[in-house]
Structures are given as structure tokens and as C-alpha cells.
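Report on one structure; see the data block that follows.
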Amino acid sequence: MLTDFGYILLFIITGSLFVGVALLVAKLIRPDRPNDIKLMTYECGEIPFGNARIQFNNRFYIIGLMFLIFEVEILLLFPWAVVFKDIGWFAFAAMFVFVFLIFIGFVYELGKGELKWDLPAPVIPGYAEGVGVIENGNEIEETAAKDPAAVIND
Amino acid sequence: MVEILDNIDQREMVINMGPQHPSTHGVLRLELVLDGEIIKKVTPNIGYLHRCFEKYAEQMDDYSKVIPYTDRMDYVSAINQEHGYVLAMERLLEIDVPERVEYIRVIMAELQRIASHLLGIGAFGLDLGAFTPFLYCFTEREKILDIFERTTGARLLYNYMAVGGLMKDVHPEFKTDTADFLKTFRPKIKELNDLLSYNDIFIKRTANIGVLPKQVAINYGASGPVLRGSGVQWDLRKNDPYSIYEKFDFEIPVGMGEMGTLGDCWDRYIVRVREMEQSLRIIEQALDGLPEEGDVTEAVPKRIRPKNGSIYTRSESPRGELGYYIESNNSASPYRVKARAPSFVHLGMLPAISKGSLIADLVAIVGSIDIVLGEVDR
Amino acid sequence: MIEGFINNLPMITILVHAAIPLTIILVYALVAIWGERKIAGFIQDRLGPMRVGGWHGWAQSIADLLKLIQKEDILPKDASRFLFRFAPFMMFAASYAAFAVIPFSSSYIGSNINIGVFYLLAVTSVLTLSVIMAGWASNNKWSLLGGMRSAAQMVSYEVPTIATVLTVIVVSGSLNLMTVTEMQSGNDILGFLPNWFIFQNPFLIVAFIIFFISILAESHRVPFDLPESESELVAGYQTEYSGMRWAMFMLAEYADMLLLSLLGAVLFFGGWNSPFGEFMGGPAWGFFWFMLKGLLLVFVMMWIRWTLPRYRVDQLMHICWSILIPLSFINLVLVALWEVIFN
Amino acid sequence: MGMLDKKYHDSNIIIVGLESALNWARKNSLWYEQFGLACCAIEMMATAASRYDFDRFGIIPRSSPRQADVMIVAGTVTMKMASRIERLYEQMSEPRYVISMGSCSNCGGPYWEHGYHVLKGVDKVIPVDVYVPGCPPRPEALLEGFLKLQEKITGETIIFKKNEADKKPETA
Amino acid sequence: MKKPEEILEYLNQKFGEDQLTLERGDIGEPWILVPASMIRDLSKFLRDDSELRFDMLMCLSGLHYLKEEELGVVYHLHSTKLDHYVTLKVRVPVEEPEVPSVESIWKTADWHEREAWDMVGVVFDKHPNLKRILLPDDWIGHPLRKDYVQQEFYQGIPTGE
């Protein structure tokens, strides 16, 4: 008597009900003796300093943007995929144009190097005769010259 | 720590890869300044396992009582630590040691080198997420520990060598046991290579990471597999031969930069794997040359009272050049014993070679320089 | 009292109807955790759990579960209280809601909605949210890093997953998982092969490989288990969780693994259709075949976990954005082309 | 205030049954905190490896103290490390146990005389349940320590007894 | 392959006769006694001179001589290219234990000098961050001094039995 989506709501309720019951039973049984050292955040045995909630920088924004483009693309392809069998060549041609356009944007994006995630720019220590080991500061400029996206512009 | 906090802008995070961390090979604290996941600055903090070895050496009332404490410095390769100290004392007192003792010492030292490398390689694989090679290496290592246990009675810290000889002779089936081990171990190295060394993900995670150029390695005083990984042909057993190492022929494997730039993590790793094969060759030749008779405790002096003077002797421990600087002032207890530990020097290099890498790379670099904290903090 | 019982009988059947997948997941989770430790033991030539409860330690996961109930549940002082508590709810509820559309056998499916696949993919993307919430809420640097990594990973790997699922929809022509399975019954490809989709179109084999790699990443399995990588981030986004709350994350992770394997079994290996056509066909046998295929995929995931090391974050993203996504779109075009030409 | 915090006066059949079940579960899934201090840590790893397999008893390593039940203090506890050990012990979730492995953490071991920086026994800082002698103790000794801890856990009760013996450390 | 005596003559030509003396104990190897002020430019010369090329500082250890009330620092140098060794020793009175730092010449000296400061109390000036490396920062005294008395409590934890 429940509609199909009613069952889905029922599933969601039973899922969270199960978690609720499990945690409730645990709450009844488990000991609960908080003290302030125990409630301190764990940081490998040290007292944590500085706050943990820093704003993560912009590489996430680029990934989010790229994800959005592809998600919308696939969203539009879903209805096409369902009826593809009945229409045939015309559907294939329409899809091909659509996917090809976005593919060009994607290839451009790949070329520009925007998707190079958290690329490490290791600073290799140099050695100069008569000076000894120099912490090679200008290494970062050299890598920047070669591949601008490689180094995160802070 | 406070000064770090003032001058970091909001986007950088200061994090403690602290004393309790799955991949710091013991109690080592690394203070990382991170931007996202890229490391801006690493400051190692040691001393969590400082067990006052040098103070103990000065308080002991006999030179040979220091030997159990040298075991506990680098507890993964205890025989090599004793070997270094005993060589220093014998050079100080100008004792020459019977042939059979030298051969037994070389065989035990090379077996211990294989066991120590097995642990180093296993832990390195574990840091990168490969759990199974760690257990395969431990299975092989247990076989070596069986041989040690039958000879010395202990699994990890032996107190087996004495100044001028050995505590006791080897057990009767020593030669057959070691020969069996050699036969079964050789194919295992090939299996380890297939599983880990030439695994594509492993190569991606270790090539071009933690690059240590040749000159920088020398200036930082690197030694052992870390120096050889950077392409320097330097092994104390060959270049400054002590004991009877010049009798055996073996090569020194050197990093060639096969998988990336010369001196990266993969080079240091593959030098250790190839070094195990060379140690097998040494043991084989030493087993053939082992003289049958000869009392191992004949040259052990009853009382050691060296006149005043000082000596610095170096030996090749699995982690690098292990040096003992001993100063004596003609009394029964040593005036000053300074142990130059290779891991202490290699950890000093960590900030220089890991700037600008990710946390995952830092874990690989710490694994590749293969430090033992007992030796770092002494 | 008895009348009350009779006229709300359908209510009981509905509740039982909704609880069947729950029992399947719980039994599967207990067996899978014990199985993973036995498989790990087998691969590393050691024994794995032996002592607990008799033969080969079969009661090991029950002991773990009962112990976790007794463990204290620490809520760190400067964690944000509501989000910290809500993350396990959301994670398990989302992955359990996705089980509604999985056709366990020809006679049982949670709810036979006609946009089954679409709904399932929508719900699994909620998992990403709950992992980020857990990472951010516990106000711990390690969990923040774990949460951020999982944000990047799960978001990026959804694109190839959905693209490969799309290739199957192109061949099947319907989103309803029950009809997708029914279309794969009978075996008349080359005479003996069951006409599962993986045999119907050669490019679907490529699609399955891409699909398998991306569900490895979606359910944080090695070599993509960066969010809770043991050796780098202590315990990733689960660092601050303890006791039963952490057990919920563990359960949700195993349930998610089973969910995506079952999805793979439905789309590529013909759900509850038996490989021998009508020979072992009935609904009961259907359930057996379906679980067998799902558990085989889960076994392969466990097998990979104990052999391969772990990727780094930027290599992970490189694989996804530079290899898997272009490949999956080209594969989509080729599958469509093949469909148009041949049938 | 969970059930495990309270002490019940009347020991009827339900309480005894539940208590033995809970003890059985706690006994059979002891997860130890994965961190080692010194040479004993190498022996702990050898026990976790294939020959002396910990996993047979349901003992697996957990890297975060929040999910660990047993803290194995494997190695020498120095002064600098003592405060960290105390904090790590405090941050473990409640039904927790400590196995002091090796004579260094039992009583300072070989470093008791002139070790100015060595803490003479970890029980000066945290309560210890089982002491495992040896330097380093053999893997079998550590397993024996775990069996002794399991015996101790089966003995724990939530029923109030007149002569309530508090946690008396046991030597393995 | 130079002997310590030849190295000493070579240095004497460069740095003048009276500065450096070669000393030898009853047993063991000889060492060159160097006045504290000269140590840095002597080391720079030892490293960069084409004849000597001492590019590796093997070990740097701090000592405390109770009878002579002096602190000693011993440098063991080695040349990987020309393969010869030399040992330098610097002795400074306990009251003002000032020794110039050689950290800028050999990078490995950074941690060795911090350890010498931590253990024996030799102050190396112009060292980038001369802090305790092995002991906690609020530890009292330098343990390897012969007259070191161990503190009873450290942060409330008894150091004795």
C-alpha cells in the first residue's frame, strides 16, 4: 500500500533508526567518565596548538568547478541514454556533438595544467664550492619558470 | 614553537607528527608547517629515547661492562654495535685476535646486516601502505634470529662479543644452519623484488622523492646506504678495511638513478636490497674459510687498564658509519665514550631533503633513511 | 488485541520488508570483517583469528561488536557537537537507503522505482558529504586532512563511475534495476554464454574495468585509501571517533563496499540470473547467485588491499582526471556506436 | 553514567549472564595502540608478524588511542616521554588496560642506576595491569602477558562485593 | 695519503709556527691542539684547500676535564677524495666555554654542536639555534660533566627510584 518512494523513505528511516538504536544501547552500557585531558583533541601525544580549521586554498574550487561541469553533462545524458535504443542514429549524432564540445573544453583544461592537484615542488639543497650546502631558495623560481601551475601561487 | 606560530599566515597549518605516530619508526616528533599538504618546514624533535649511554659508559668500572649498553643503542643491529666497540678497544690495547674469532665475527655481523635490512625494507613498505612485504621480511628475519638464538641464547640483544674474543663458541650445527639459510634466502630476495621493488605504485611513490645530491650528502656526513644511494662509492668494509674484510671479494652496490634522479628514495631502498645479496656472498666465503680449531676466549685480557690516550674507530653498521671515540686515563673505567650514530646524522638531513614535498613523501623519506631512535638519542 | 494484530498485519510485513536488507548487511559485515582478517592471514601465511568461539575464530567479529558497545564514546571538547554526532547517522542512512533499489532476487526488491540507478548514484554522493562532515567536525588536524583528501577523491571518482554506469544504461535502455536484470536472463550468446551485458558488448568490458577502479576509490579501498590511510594520517577522518560511533563508520564502509559490488554485479554480471540459464533459476537460487557475484567482487577488493601500496593524492587525481574520465567518455561514445550499428 | 560505571548489589541471573558476556567480548578483542618506544617494540612487531601471530587472539593494532583498548608500553620511558605517555593513556577510551612490556618500563631496567633521564617504571605515571619481565621479553612472554590480562578481564565484575579488591597488578 | 705530522707541517707553513702543536697520548692516535679562536678559519682552510680537501666531519664530541677545569671539543675529519684523517682538539676553560661554531662549513656539525652544548655545556657562538637537542628544554645542568648532580624531581616525577 506504500508507494515506491514511500518504501525509500521507510528505508531511510530504518537506516537511521538502526544507528539510533545501536548508539542508544551503547549509551546505556558504556562507561562515561570524561575528564579534560581525555576531551582534548588528540595530536600524537602533544598539546595541539594553532587551530585546525584553516581555510583550504583554491585548488578545491577548481576541482569543484570541473566536477560541476561533468556532473551536469552526465545529468543531461541520462534521459538520452534511456531512449537511445529507439531513436538510433540521430540520437548518436546529437550526443556526439554535445560530448565532443565538452571534451574540447576538458582537453584545454588538461593542457593548461589546472588539474595538477597538490603538485609538490621539492626544493633540492644545492652545494657550492667554497660555500658549502646552500638551502637553494631560487629553486622555486626555476620550477615556476618551467611549469607555472606546478607551483602553488601563495 | 611560539615563534613559528607568530609568523604563519592563516592558510598554513602547524601539525605535530608526534611521538606516537604509526610511521615515525619510534618516538620522533616532526613539527610540520603545512600549506594544504605541501610541507613548508620540518623540524625534527628528538630526545624522547635518550637513555644516557655516554654517562653509563663513564660510570662502569670495567671496559667490557659497556658492551651490553652498546647493544641497546641500535637494537636492530646489536652485533654490529658490539663489533664496532670491540674493534675500537682492540686497536686501543693493540690486541690481535685469533683467526677463528675474526671469521665468526664477520659471519655474525653480515647475518645481522641482512636481518637489519629486512626490518628496514619491511618498515619502508609498511609506511607506503604495502602491509604484506613487511610480514614476508619478518618471516625471513625470524630464521636469522633462530641462528643467533642457538649461538648466543638471545633473540635481539646478544652481549656476545668480548674485547679480544667472544663470550662463547658457536653451537655445533652453526655451519649447517647458516648454509641452509643461505640456500633458502636467495630466491626470497627475488620474490621481494617482484612484490615490492619493481611494483609500479611503489616506484611512483619513491622515485624522484627526497633527492640527496652527492656533495650535499658528503657535507652532511651521510654514510652507509644513504651515501651509496647518492652514488658515492664508499663502504668502510672496502675503503677502510677493518677486521678481515679484505679477504673477501664483494661489490658495493651504488645508486644509479635507474627510476628517477640519482639519490632518491628508490635508490637508497634498492642499495639495501642489493647489499643483502653481497652479504650472502661474504657469508659463503667466510663459511668456507672458517678455521675448525682455536679457542675463542684465549685473547680476552683478564683486566683492562689502558694508559691514557684516545682512539676513534669506525665500522660499517647496516645504517652507516658507526664510530666510537674512546678516551682512557689509565683507570679501569673509560674516561669518555662517544658513539657517532649514523641515524643521528641522517635525521639531521631530513629538513633539507624534504622541503616542498607532501606528507606522504615525508613518510617515504623517513622510511628510506631508515633511522632507529635508540641510536639517534643514545 | 488480536484484531489489532490482523488489520495492521500489512504494517508488520512492510517493516519486515524494509528490514531484510538490514539483516543481510549486518550478517555480511560481521562475516566480511572476519573474512578480511582470515584472507589477510592467508596471504601473509599466518593464521588470522583462531581462538575466539571455537573453529577458526568464527565469533571474532561478534566479540569485536560487543566490545565496541562497551567502549566509551569520547566527544572532544572543541569538536562541533551536533555535526560530530550526526556524521555516522548520515553515513549509514545514506548507504542503507541505496540498498532500497538493489534487486536481491526476482521476488524481492526494496522498492521497484523506475529511476533505480539514478536514485542510487544520487544517494551515494551523500556519503562524500558525511565523510567531510566527520573530518571537519572533529576539529583535529589529521581528520581535517583526511576529510579534505576524501572530498577531492570521492567527488572526482564519481564522474567515471557515473559515466560507466551510463554505458550500461545505453545498452539496457531502462533505469529500473529490476528490468535491467530481467533483460540479462537466458543464455544465447554464442550458444552457451549467459547474455549478461558484459558479454553483449565488447566495450562494456572496458567499462567494467573503469567501473571497478572507481568503486575502489569510492569506497576508500587500497590503493586509494587515502582518507583513512593508516601510516600517514594516523586514522584519517576517523581519528577522533571511538566506541560505537566509530563502529558505525566501519559498518557503513563495509556496507558501501558491498553496495557498489552488488551494483557492479547487477549492471555487468546479470544480477540474480544464474549462469546456467533455467537450470538453477528460481528466486531462492537467484538470491544465492546474486550474493555470490557480489561477494566475489568484495573478495577481489580485499585481495588487492593486501598486495598493493597506496597512491599519493596528486597521483590519485592524475589517474582520475587524466586517464579514467577521458577513457570513460570515449568508451561511452564507442558503446553507443556499437549499439547503433549492431542492434 | 553507563551500566559499566555502576555496581549492582543483587547479582541475579540476568546481571551475571550479561556480565560474563561483556567480559568474554572485552577479553577476546583487545586492540593495542600501535606505538613502540625501544627494543621491546621490535619484539612487539615480531609478535604481530607471521610466526607468533597476535591476530589469533583477536589482537590487532590501532593507530589512534581513541579506538585502542590496551596500551603496550614497549620500551624505555624517559622523562621527556613520561608526560606524553600520561596524556596518551588519558585519551584512550574507557575500559582500557596497560601492559608494561620489558624491564625498562617495569622498573627502569638496565638504566635504573645512572639513567638520569629514564623514568624508573611506568607505573609512576599510569596504572599498570600486567608486567611482562624480560629485556626484551620473548614474543611468547608477551603473549603470556596478554593471556594473563585476559584472565584478569574475566575476573572483572560489575557486582558489588564486600572485599572489593581494587586493580591489583599481576606479573605474567 | 698524508700522515698527521705532514698535515701539521703543511698547516704550520700557512698559520705560523707557534699556534698548533701535535700531541700524542701513551696509546692511540695523535691529535693537533688548536686554540679556540682559530678553529673556524682553520676548518675552512682544511675543507677548501686543494692539498687537504677534508670534506667530511666524521664526529664532533664534547668532553669535560675535571682536573684541569677545562672543556674539550674533539673534531675528527676525513677526506673522501684524498683519503687521509686528522683529529683536532680544542680546550677552553670551564668558566667561559666559548668555541666558534663550524656549522657553516660542515652542515653535520649543527646537531653535533647542539648535542655537545646539551651534554657538556660548550657554547658555540654564531650557531643558528643553539638549544638542547636530547634533553627537555627545562632540564637543569649538563649531565656529562664529571661533577653533575642529578635533580631529584623533573616536573613532579621522581628521577630516583
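Letters A, B, C, D and E mark the chains in the order given here, with residues in each chain numbered from 1 onward.
Rule of thumb we're sticking to: a residue touches a chain if its C-beta (ideal position, glycine included) is under 8 Å from a C-beta of that chain, and two chains touch if they have at least 3 such contacts.
A quick note: this is a predicted structure, and the numbers were derived from the prediction, not measured.
Both subunit C and subunit D are touched by A, B. Farthest chain from subunit E (centres taken as the mean of C-alpha atoms): C.
The interface holding more C-beta pairs in contact, when A-D is weighed against A-E, is A-D. Centre to centre, using the average C-alpha position, subunit B and subunit E are separated by 25 Å. Centres computed as Cα averages put subunit A at a distance of 19 Å from subunit C.
Our note on geometry: subunit B versus subunit C, Cα centroid distance of 45 Å, whole angstroms.
Rounded to whole angstrom, the centroid-to-centroid distance between subunit B and subunit D, based on C-alpha atoms, equals 31 Å. Listed for subunit A are residues 27, 29-33, 38, 40, 42-46, 48, 52, 56, 118, 120, 132-133, each touching two or more other chains. Subunit B has residues 13, 15, 18-22, 36-37, 47, 50, 52, 55, 135, 139, 216, 219-220, 352, 358, 361 in contact with two or more other chains. Multi-chain contact residues of subunit C (touching two or more other chains): 40, 44-46, 69-74, 141-142, 144, 148, 230, 234, 239-240, 243, 313-314. If you check each pair of chains against the touch rule, the ones that pass are A-B, A-C, A-D, A-E, B-C, B-D, B-E, C-D, D-E.
Those residues of subunit D lying in contact with subunit C across their complex are 2, 4, 21-22, 24-29, 49-51, 53, 55-58, 60, 62-64, 66-67, 69, 91, 93-95.
The part of subunit E that touches subunit B in the complex is made up of residues 24-29, 31, 55-59, 61, 63, 74, 76, 80, 83, 87, 106-108, 110-111, 115, 119, 132-136, 143-144, 146. Across the complex, subunit D meets subunit A through its residues 1-5, 22, 64-66, 84-88, 90-91, 94-95. Considering their complex, residues 33-39, 41-43, 45-46, 49-51, 63, 65, 75-76, 78, 80-81, 84, 88, 110-111, 113-118, 135-136, 138 of subunit D touch subunit B. Residues of subunit A that touch subunit E in their complex: 129-130, 132-133.
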